[in-house]
Amino acid sequence: MIKKHDDLIVETLARLLTPFIQAFALYVLFLGHYSPGGGFQGGVLVAASFILLIIAFDLEKTTERFSEKFNVICNGGGVFIYAGIGVLCILLGGNLLDYSVLSKILPVGPEEARALGILGVEIGVEITVAACLVSIFIDLASKGENLGGS
Amino acid sequence: MSANYPAFIIMVPFISALLIFVIGWWNKRLSCGLVVAVLATVFLLSIGVMKDVMANGTIRYWLGGWEPPWGIEYVVDYLNAFMLVIISFVSLVVTIYSKKSIEKEIPDKIVPFYSLYLLLITGLMGIVITGDLFNVFVFLEIAAISCYALIGVGRKGASYSAFKYVVMGTVGASFYLLGVGYIYLVTGSLNMLDVAEILPSLYGSKIVLTAGVFMLVGIALKMAVYPLHAWAPGAYSDAPSAVSALIAPLMTKVAAYLMIRIFFTVFKPYFFVDVIPLASILTWIAAVSVIAGSIYAIAQSDLKKMLSYSVVAQIGYIALGIGLANEAGLTGAVLHILNEAFTKACVFMVAGAIIYKTGSCNILGFKDLYRKMPFTMSAFLIGAFSMVGIPPTCGFFSKLYLIIGSIDAKQWVFVAVLLTSSILNVIYFFRVIKIAAFEDVIPDYSRTTPYVAYRLDEAPLSMLIPILIMATGILVCGVFSPEIINTVIQHIIPASF
Amino acid sequence: MRKFLGFLVTMATAALLIYSTPEMPNWGDPNSPASTHVSPRYIEKADTETHTPNIVTAVLADYRSYDTMGEAMVVFVAAIGCIMLLRRRQHK
Amino acid sequence: MDFIIAKYNYWIYIILMMIGLYGMIAKNNLAKKVVGMTLFQTAIILFFISTSVKSGGATVPIVMGDPHLHGHVIPGTVHAIQYLNPLPHVLMLTAIVVMVATFGIAVALLMRIYKRYGTLEGDEIVEIRKQEAAL
Amino acid sequence: MIWQLDLILLLLVLITGIAALSVKDLLSSAIILGAYSFLMCLLWTEMGAVDVAFTEATVGAGVSTVFFVAAIYHTTRRTKD
C-alpha cells in the first residue's frame, strides 16, 4: 500500500482527479449554507484526495507535499480555530459560541454575524477533519514506521 | 467574568490539550508542568463555581445564547459542582504523580500522552457539567476514546484489554444513545430539565420504560456493575499506572454520577420504584456485585488486578445506594463517590509506586516492603482502612449511611451484604499488609555473612507527595464528613423523599 | 457458549424493543411529539435568525454548536490516539 | 398486520441492530467484532433518521429561498409542516463522526494486537494470554 | 417517498449486513461493509436526510473502508467465522 508501483494510468488519473476533488471540497464547504454539505464533508473529501495520492504514489512522495509537522499543526489548528471563535465570543461579552456578538468587530448585523461565525467554525472543522483522517490513515498504512511522532 | 467560569472549566483544558504540542516541540519536559498549571486553574475555577452555587443556587449557562430547549445549556447544581471539585482535585494530584511514572513507562510518547490526558479530563468535566442528554453522549465518547488509547499503550497485552473495553464501551454508549432516541421520540426534547417536566405525564408508556431500561443498562456497562464488568479488571490493571490511577477513581464515578442524574433528575425516582421495579433489580444486582467483586479480588495475586476487582465491588455500593432511592441511601452513595475517588486514587498510586520501585506488583513478592517504603505503605494502610470502613476514615461514614438506608428500606439482606463485604475487604487488604509488614524472610542460621541492613528505598518525592496528599484527604474527608453532608450533600437529595 | 450468550442477549434486547414498538408513532407521522415540540422553531426561524437556508447547517453550527465542538474534539482525540498507539520513534 | 406495515422501518432497524449486536458478542474474530460494531451503530442512526421523516409533502430541510433576497426567505413564511425534522439529522452527523473515530481507534488496536499475538482470533489470543500468565 | 424503492433498499441493506458478518474472508468483509454503508447512504437520501447521507457516503463508504483495508493489509485476511 505504501510501496511504489509504477502504473502510468493510475498515477495520471490520481494527478488529474486530485485538484478536482479538492475544488469540490471547497465548494462543499463554502456552499454549506445553501446546499447539503459543510465542514465535515468537505474535510473528508480533502482527506480522500490525499489518501488517493498516497495509494497511487507512495507515502514519502505525498508527505513531501503534506509534511508530518504541518499535519500535526493542522490537527490541532482546526480545533483551535473553533475553540478560538468560541472564546472570542466570551471576550466580546457574549456567552461561549454566541456568534451574534461578533457583529461588534465585523461590519454586519447580528444575523449575518451568525452566518459568518458558522462559516468560521466550518473552516476549522474542515481543517481538523482533513488533517486528522490523513494522519490516521498514514499511521494505519505505514504501521507508524515511516514517520516519527513528536 | 465569573459568569463564564463554567465555560472556562471546559475550554481551559481543551485549548491546553492543543497547545501542548507546541510546548512539546520546544521542550518535552515542560509538558507535565503545563498540565499541572492548567489543572490547578481548573481546580480553582471549579471551587469558584462551587462557591457561586452555594451563594446563588443553580447556575444555568446558555451556550450560544440560545434559550434551553433549543440550545444546549450548562446546569450546575450542588451535585455537579461537587463532582467538578472531586474530578479536578483528583486529576491534579494524579498529574503531579504521573511525571516520573510516565517518563519510565512510555518515555517516547510524553507529549501525546499529556494531550490525551487533558482531553480525557475535558470529557469527564463535560459529562458532569452539561444539562443536555445528547451532549452527555458526545462527551462520554470523548472520554471513552481517549481512555481506549491511553489504556492501549500500557503493559504487555494491554491492547487486548483495551479492545475489550472498546467493544463493551461502545455497546454501553450506543445503548445510552438509543435510550436518548426513545426519549426524544416521545418528548421531542433533549434538555434534561425540559424532559423531566414532560415525562411524568407519559410514565404509562412502554417507550419511556424501554428508554429508561436502555439508558440504565448503558450506564451500568460504563460503570462496570457485576455482570457487565468484564472489561474493567483488564483495562484497569493493564493500563500505565498513572492512567489507572486516573481512570479507576474517575471514569466509573462519573458514570455513577450520570446514573444519579438519570435516576433522580430526568426520571423522577418513583418511576423506577413504583412504575417499573428497576430500582429493586438494581439493588440486587449491586448486592451481587459487592460480594462477587470482593470474592474475585481475594483470588487475585496481582495487586493492580485485585484493586480492579475491588473497584467492581465498590461500585456496587454506589449502585446500591442509588437503587435504595431513599435519603440515607443517596447520601451514602454520594459520599461513597467522594470516598471511592480518593481511596482508589490513593491505592492505585501506591501500586504504581511499587511497580516503579520493584518492577512488579505480585503480592507474594511484597516481603519487607514495609521497611523499604514505610510512607507509601502507610498510605496504603489508610486506603485499606477506608475501604474496609474503619472509623476515622471516610469509608466508615459512607458505609454507615448505606446501612441506615438499607434499614430504612427494611432490606435486611443488604445490611448483611454490606457487613459481609467489610469482612471480605479485610481479608484481601490485610493479606497484602500482612505480607508487606509481618512476613520476614526466613532466618538463615547457617549464614556466614551478617544480614544486610534494610535501607529506606522510598519512591521519589514527586510520587510520594501525591500519595500522602490523597491519604490525608481520606482522613480529612472522614473527619469533616458531617460538614460535607450538611453543606453540600444535603442539598443534593431531591425534595420528593 | 459464547454463541449462546450472544443469542440470549440479542433476544432479550430484541424482546424489549419489539415490546415497545407498537406504541411508537407511525412512521412519517407529522404530528409525532418529536416533530412538534422543539424542531418547528428551527425550521421556521433558522433562516431569519442565522441567515443560513440550510437548516441542518444552522442547527449544527449555531444552535447546537457545542455538540459540533465535541465532534471536532472526537476526531482530534482519534488522531492523537492513533499517533499514541501506532507511531514509533523517528529514526532518521 | 396494520402496525407491521405502518412501522416497517422500525422493524428493519431492530433486525439490523440485533445482527450487529449478535456479531459483536458472538463472533470470535476481533475484526468481525468491529464489523458488528459498525452495523450496530448504523442501525441506531437509521432509527434516528426514521424519527425525522414526515409524510405528506415534507422535503429536505433546506429552505427554498427567494432569488431576490439572495436565497433567503421572508420571515414568517416558512412552516414546520413543509420540511423534515432537522434535529435528528444534526445529532446523527455527530454520531457518525463518533462512529468513525471509534472505528479508527479500534482498527489501530487491532494492528497492535496482531503485532503482539500474531492472530486476530479471540480464542487463540486468550490461549496465548493464559500461557503467558502461567509462565 | 417511493415505498417500493424503500423496501428494496432495506432488503439489500439487510442482505449486505448479514453477508459482511458471515463471509469468511476479512477483505471481502471490508468491501461488503463499504457496500452496506453506501446502500445505507442511498436509504437516507431517499428518506430526505441529505446531509447525513453525504457524510455517510464520504465516511462510511469511503474513508472507513480504506482504514479497514489498510489494517487488513498489515494484519491478516484469515478468519474462522
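A, B, C, D and E label the chains in the order they appear, each numbered from 1.
Definition applied: contacts are C-beta pairs under 8 Å (C-beta built on N, C-alpha and C of every residue); 3 or more make two chains touch, one makes a residue touch a chain.
The model shown is predicted, which means the values in this text are computed figures rather than measured ones.
Shared contacts of subunit B and subunit D, meaning chains that touch the two of them, come down to A, C. The greatest centre-to-centre distance from subunit C, using averaged C-alpha positions, is reached by B.
Ranked by how far their CA centres sit from the centre of subunit E, the chains are topped by B. Averaged Cα coordinates give subunit B a centre that lies 26 Å from the centre of subunit C. A straight line joining the Cα centres of subunit A and subunit B is 36 Å long. Subunit C and subunit D have Cα centroids separated by 8 Å.
Mean C-alpha positions place subunit A and subunit E at a centre distance of 24 Å.
Touching of two or more other chains is recorded for residues 1, 50-51, 55, 59, 63, 67, 70-71, 74 of subunit E. In subunit C, the residues that touch at least two other chains are 17, 22, 24, 28, 32, 34-36, 38-39, 42, 48, 51, 53-54, 56-57, 60, 62, 64-68, 70-71, 73-83, 85-89. Shown for subunit B are the residues in touch with two or more other chains, namely 14, 18, 63-64, 109, 112, 134, 138, 141, 145, 148-149, 152, 159, 184-185, 190.
On the side of subunit A, the complex with subunit D involves touching residues 34-36, 40, 136, 139-140, 143. In the complex of the two chains, the subunit B residues touching subunit C come out as 14, 18, 63-64, 66, 69-72, 108-109, 112-113, 115-116, 119, 122, 126, 134-135, 138-139, 141-142, 145-146, 148-150, 152-153, 159, 182, 184-190, 198, 205-207, 209-210, 213-214. Subunit D contributes residues 60, 62, 65, 71, 93, 97, 104, 107-108, 111, 115 to its touches with subunit A in the complex. By the touch criterion stated above, subunit C contacts subunit A in their complex at residues 48-54, 56-58, 60-62, 65-66, 68-69, 71-73, 75-76, 78-80, 82-83, 85-92.
Contact residues of subunit E toward subunit A in the complex are 50-51, 54-55, 58-59, 62-63, 66-67, 70-71, 73-74.
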